[in-house]
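Chain lettering (A, B, C and D) follows the sequence in which the chains are written, and residue indices restart at 1 in each chain.
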């Protein structure tokens, strides 16, 4: 491999480790959070370097948009006193010695395993590619997510739904009193929101044959929703429409799976000829549902808001 | 290497140089508002030059348009976000002492 | 050509290190966030450079996603106020 | 050094740091950042390992990629719920730490 490439990888590796440590050990938690956001950006570059553009897209959409928004929102809500922490929060004390020792032991064991692994090993590539023709899509990552291991994805949407239910059963938070948004923020939303919808839809569509898919599209849409909420705060109460949309992705996924069972194929076993259509149906419902649920996770329940 | 490639590399190199200058400016300048100024320079010019250089190597019009869209987006949302920050900063704290580090 | 693009990507990555020092020093939340903003556009530039160095078109899509979300963190900060600053 | 080994070592480093912070920190937000870094390290180990199993065209194994995308979404939903719990804890008790961590 050329030396420029190696230098790039080496610099990226050092930066990732340094940023992660600063994100954990900075006394000022606001600084730690900003460093964590930057860490996410560089993580997306690392996924690219490792030949995983689908993962990089998901990381870019979630890491740069939603995760940072959630963390900054929490910092604002717990206020300055809540953010205050010790001067050296991870200092090695006697009480932490055991933890440190265990962690070092685990790391040493993992390094030993890594060094013992041969450079080339059998994986599931061959199997994934052999069935690709019959899977209904031509991007092997999407085929894995929505065909070979569709039950994983179904349960993952279930986890997201549970997180939303968890936020909904908590008591409402006081609404942050915000001044009227300045006009440029409205311009920003007016441009970014339609673009997020278009690019989200594009990612969903392109996911069938190239990097992209329902999560990446959904996360992007959700970031657009968060921006809209910041410009004109809205409440996402528990009206039936919101509930229906939140459950929709999981429900469509489950119903399609059961329909396959009734048609004789087995749960979530798509007949090869129609697999593409079913996958597109599931992904569309999943994307809208994921986007809504991620926005609900940001907006939460606020007292006195609708 | 033909002339087009050379020009393209020159532009990309100038763009990368602007990123370096911009981040050094961010590091050396004394206060938030002048740093905002350095940032917008690095953003707009650095990325703009990189995009222009790469556009010379694009294989299709679609690629050129995509590159242009990326640049326009960063430019637009970057300048609005910076405006909002400057606005909030000057509105809430007229005199800003340099003692806000939490450490 | 690809090697030169890689070298440029490395140069931009290096300039991000300089920007990171501003995240580290602050002093205010705004200073840290504008440095993060610069790092975001740097990441976009690196993705575009790598897209052309490797010929992988999906990287332009990733750059597009990052460009769309470039201002989100700053907007959240300005609208919410961070760490108890007056909103 | 191969990509798999370099990024694998980064993954181990992230796992170690994240785990230490998640267990040792007092402030719950810091613990949560620790969990997230730990998760990123595990993802990194997966994706780095996938480059050891390339197909004929030189592409890495797609199955770990799909698992990690699932993992990213699960991680962000868990983080969001944990942050919501943290804010309630802080609102009720005025401190963002667990009861057993409150001395000193």
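The working rule: contacts are C-beta pairs under 8 Å (C-beta built on N, C-alpha and C of every residue); 3 or more make two chains touch, one makes a residue touch a chain.
Bear in mind that the values here come from a model prediction, so they are computed numbers and not experimental data.
Participant: Which chain has its C-alpha centroid at the greatest distance from the C-alpha centroid of chain D?
Facilitator: Using the mean of the C-alpha atoms as each chain's centre, the farthest one from chain D is B.
Participant: Is the number of contacting C-beta pairs greater for A-B or for A-D?
Facilitator: When A-D is set beside A-B, the one with more contacts is A-D.
Participant: With centres defined as the mean C-alpha position, give me the chain C-chain D separation in Å.
Facilitator: 21
Participant: How many Å are there between the centre of chain A and the centre of chain B, using C-alpha atoms for each centre?
Facilitator: That gives a centre separation of 27 Å.
Participant: Just how far, in Å, is the C-alpha centre of chain D from the one of chain A?
Facilitator: One centre to the other, that is 12 Å.
Participant: Counting in whole Å, what is the centre-to-centre distance of chain B and chain C, each centre being its mean C-alpha position?
Facilitator: 9
Participant: Which chain B residues reach two or more other chains?
Facilitator: Only 73, 77, 80-81, 84, 87, 101-102 qualify.
Participant: Quick check: what residues of chain C touch more than one other chain, meaning two or more?
Facilitator: 14, 16, 26, 29, 33, 35, 40, 57, 64, 68, 70-71, 75, 77, 83, 85
Participant: For chain A, jot down the residues that touch at least 2 other chains.
Facilitator: 28-31, 73, 75, 77-78, 81-83, 185, 188, 192, 195, in rising order.
Participant: Every touching chain pair, please?
Facilitator: A-B, A-C, A-D, B-C
Participant: Which stretch or stretches of chain C touch chain A in the complex?
Facilitator: 3, 6-7, 9-10, 13-14, 16-17, 20, 23-24, 26, 29, 32-33, 35-36, 39-40, 43, 46-47, 50, 56-59, 61-62, 64-66, 68-73, 75-77, 79-85, 87
Participant: Which chain C residues qualify as touching chain B in the complex?
Facilitator: Residue list for chain C touching chain B: 1, 4-5, 8, 11-12, 14-16, 18-19, 21-22, 25-31, 33-35, 37-38, 40-42, 44-45, 48-49, 52, 57, 60, 63-64, 67-68, 70-71, 74-75, 77-78, 83, 85-86.
Participant: Any idea which chain A residues touch chain C in the complex?
Facilitator: 2, 4-5, 7-8, 11-12, 15, 19, 22, 28-31, 34-35, 37-38, 41-42, 44-45, 48, 53, 56-57, 60-61, 64-65, 68-69, 72-73, 75-83, 176-179, 181, 185, 188, 192, 195-196, 199, 203, 206, 210-212, 216, 220, 223, 226-227, 230-231
Participant: Show me the residue ranges of chain A that touch chain B in the complex, using the header's touch definition.
Facilitator: Going through chain A, the ones touching chain B are 26-31, 83-84, 87, 182, 184-185, 187-188, 191-192, 195.
Participant: Contact residues on chain B for chain A in the complex?
Facilitator: Those in contact with chain A are residues 73, 76-77, 80-81, 83-84, 87, 101-103.
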